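What follows are several structures.
Each of the next two complexes has subunit A plus one other chain: subunit B in the first, subunit C in the second.
After this line comes the complex of A and B, so read on.
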């Protein structure tokens, strides 16, 4: 039963995985081969770009696409608990988000390890990208689960990102916050991995785990209630 | 006495402040083909979704095949065949793929029976679902609802969007496949003429309540349209069961339920008119009388 659900999600999302791999790994391969800029620039661009692009791409299609084409009703009427369907969707979404970033990491290590950067210096930004992409996917799905179309789910994802961004700006301006935005938003992950500010890492990880868990519970609950809305 | 296949008691449901079901009571006898009628927005689909545990009712209870539709949700879905209104499936899958995929969720899936159905329903196994015609799509949805050989099948407006030929074809398949096997079919529709030839029982849902439930034949026999001619006034309040009163040129047409000799005499007496004709009605006209009938306003002859 779970295998069948995974198969369906895999068939629906494998093209996004392929697209993400071709786009990001192509960028890394060309960038590292041409050496127009420093290797660190390519690595950081691939890690940050991939961690924002992939969750947007995947999050739009995970639930909203099925709602808009009407097949979600059939899925929810099957003799499977809705939380299992949701869990499989999130697992496949995570795999598709993370896959291209991990692919870029392997490619970067193969092409540029020990050249300008050590292997560990290459790995750390990509690990940050992996973590950021998972957090962004969780936030995006949680807030866009009731959206009736992919476009609107995408807008919700962009809005979530912009809210984080404004929180950081406010924090930097010292108007409202006191550095806590780095912990509440996943930008703290990049602060740790890119700026090597490891002091806040335990706090960032624990806060993001708690927020992520709460958001997933909320999203799973709302996913099971999607039939309640009047079509 | 056999337990009814479906039993609904005091069912209430609201979408926010909008009350859709306002105390639905219904019993569907086992082995029957049951037509669940109602105009658009009357609450048919909501009732069906509650039966399948897709929605939680505000009040009331449903039992389907002896199972509580809220407590035994998975058991209900495994044992009942369900075809949704305008069912959308995964367009990228091929017919054979979607059949195998859906089958993997049902322990009692009968692949041999399904293969026979594929031939019988003339479905192209290699075609993508998105390339099927509306008629083929409906037949595929029917096949997926029947593959685990359920004893109860719920069809929610299954012919929605089909042209008349495809509708007739579809009903022919439904009757051929289900009527002879003792399967209970709960069939919702707002197209009366398609229910009439197939349903043993009908219930009319209007504005969130069941306004009539009866055997189809009994309903047809008990509801009549009588034509009156004379110089009096129709005072329908004096006679119970008047559904509609309408002027027709020089006569008055009164549609009345539970029509019998006593009512005939009462109408003639109270209206001081003569009954010139009694007309049998089809289900469409009966439905219309129940749902939009004026319940007998005073009409001058």
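After this line comes the complex of A and C, so read on.
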């Protein structure tokens, strides 16, 4: 049954993987080949852009699409525990989010390793992108799991991102001077991987793991409840 | 309650949250920044936040509002409900459109107007008026297109994606496709579309901008006029016509129940396709398309890393002037130089490195510009340059020449040593000037110093012998630009020639250009390529020579594409060969090649840039290739052109 669930999710989301790969890897290939800007700019754009766009694209269709199509009831009626269905969805969502970013990393290494940046300098931003995309997917799915349509799920994802952004601005405007926004929001991941502020890395990892675990537990619990299925 | 009022009330109830959210972002953010600044004791002000938010988020906000107001009432059974109401579709659509548009305009314009009243700084006003007068209409157009998309698609996510793709085209396609430049919002905004100026400044700037400027007299101020860009009026007309068409189409679409059946995949591929199309258009225009045949790392005795500051060459041999910025920063020095010979015909092209002693460094620094270091392959161990020292004259507070001498530097030991010097000071009448240029031509060395031209013979042993001095203005000394009633630009350039024996007029012109102070000038045959404020690349053709003064007339200029203007770096011509002008300092600090054989149609045909490299020196090689100096030497193949 789990295999069948994986197959179902794969069939539903594989075009997003293809879309992400074509778009992001196309951008990296064109950027690194044409060399109109430094390789580092292309790498950072691909890592940051991919890590924001892919979770939005995937998170919109992961649960909300089932609700709007009315297929969630059927899914929950299957003889499988609801948290397992949710776990399969999250696993596939993670794969689709991470796949294009990893593809970009491999392409960047093949095209530009040792040219302007060493291989490790190329890998680190992409690893940050992978981590950020997983965290963003977790947050987005957790807060949009009861949304009745993809549009609302997408808006929730944008709202989550804006709230993080707002926290950073508040922090920089001397309201929360201790820099805690970098740890609470996943922007700390980029601070570590792009700005090489490795001092806060253990703190960021531990806090994000705790937050992510709690959000997943909460989301898995709410996934099993039908709640509002119609707008 | 009448149906119109009821519709208004309903729309207001539904849309007010957009107003709240928009106000929080568009007004709240700048206020937050201002409060932060106040708390840090920097005063209550916001930097460019209102403009940045209006430009970045104005379009997306308009899309969200338009899709929000349409899709809410047009999906499923709600659409049927509205069709059953005794309300005309036209009134319904227009009310929705106007209420949504009012929210967008309030959110977009209020922070900018507030800033105008708070800041009142003149330089800020130009930018703010550009955004208000031009970008506002872009947002209206995007809102209208999104409104139509919402009416046709009726599914919020897909309508947003579709509108986003169209908005990308509205914003960026006109700046990437030169024929559409009159419809580029960014292009018009950077040209200060509406500004109040002094009457004398009413027609200024680059020719392609000046010809689009119109002025209206301000009745209550004699010396002030309102200057506006004619493209702005065209753009406003286009945006309003497009918006009107979108509203009419929206009403028709709702009345006739037109729908676009779209799927998620189609919409996302559309958005991705538009983004990739725009990226490829940028890349096509700015890419590096010239082939680098060889890159030669510069190996110096020190490990500090040197860049090439100048190349003095003759064929494929020459001398590099190297400088080390890192050392300069670390040790607080202005610069740190050394010289290195090269011969590109050898497998190991670099010869010995010669450290420049400290007492010569200042003289070298003054000669970094083109045409001030002279080297000849006949005497590879010798380098010639001018040393001039100035001091402040207490009587008129102007710079006074204290030392002016031609140095012959030997490159035979590990240190650059001065072996000979010729004092020029006794021959100089006016000691207020500077050295404008120095060059070698047909075994003669020419020096343009303080309004006088010195000519030296280069002996078989490499020794310079003073031959003559002439007091005359040599090189480009005047440029007259005028515009006729139809705002076409005409320009004339006057060049003082050197009456040297054995030189044809074209050779005299070449030497005169070499002795001109501006590095932004090059010549070939009877043409001169200049760079001035009005145009980055202007071709002048020789018209007549009278009393050793050549008169050249403008034959054409390169009109940069909107993208070239937007990227901001104007190249400076360095030399011309076979009708191709080679320039440095274009996009990314690279080498750009223009075809100037037909001056009316100057074309950008090649570009070479190496990341992390800022090229400062360039020289032609005898095999047709180009030598470019950065942190490495790059040998670049010129572009192929039809002869």
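One rule holds in what follows: the second predicted complex is superposed on the first by the 224 of 231 C-alpha atoms of A that agree within 3 Å, B and C clash if a C-alpha of one lies under 4 Å from a C-alpha of the other, contacts with A are read in each partner's own complex, and residues count from 1 in each chain.
Heads up, the rule we're going with is that contacts are C-beta pairs under 8 Å (C-beta built on N, C-alpha and C of every residue); 3 or more make two chains touch, one makes a residue touch a chain.
Every value quoted in this text rests on a predicted model; they were computed, and no experiment measured them.
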* Asked: Are subunit B and subunit C a fit on subunit A, or do they clash, once the structures share the same frame?
  -> fit
* Mind working out whether A:76 is in touch with subunit B, subunit C, both or neither, as first, second, both or neither? => first
* Asked: After superposition on the shared chain, which partner residues are touched by A:35: those of subunit B (first), subunit C (second), both, or neither?
  -> second
* Structure fact -> Chosen between subunit B and subunit C, the partner touching more subunit A residues is C
* Regarding the shared-chain residue A:7, is it in contact with subunit B (first), subunit C (second), both, or neither? -> first
* Asked: Once both complexes sit on top of each other, what is the least C-alpha distance from subunit B to subunit C, rounded to whole angstrom?
  -> 13
* To do: Identify the overlap between the subunit B-contacting and the subunit C-contacting residues of subunit A.
  => none
* **Residue ranges of subunit A touching subunit C (in the complex, touch as defined)** => 15-16, 19, 22-23, 26-27, 30-31, 34-39, 57, 60-61, 116, 149-151, 154, 162, 169-170, 172-175
* To do: Please name which positions on subunit C make contact with subunit A in the complex.
  => 25, 29, 32-33, 35-36, 39-40, 155-157, 160, 264-265, 268-269, 272, 275-276, 279-280, 282-283, 286-288, 587-588, 609-612
* Show which residues of subunit B lie in contact with subunit A when the two form their complex. => 15, 18, 49, 52, 54-55, 74, 77-78, 82, 84, 86-93, 101-102, 104-106
* Hey, which residues of subunit A end up touching subunit B in the complex? -> 1, 3-4, 7-8, 11-12, 69-71, 73-74, 76-81, 227-230
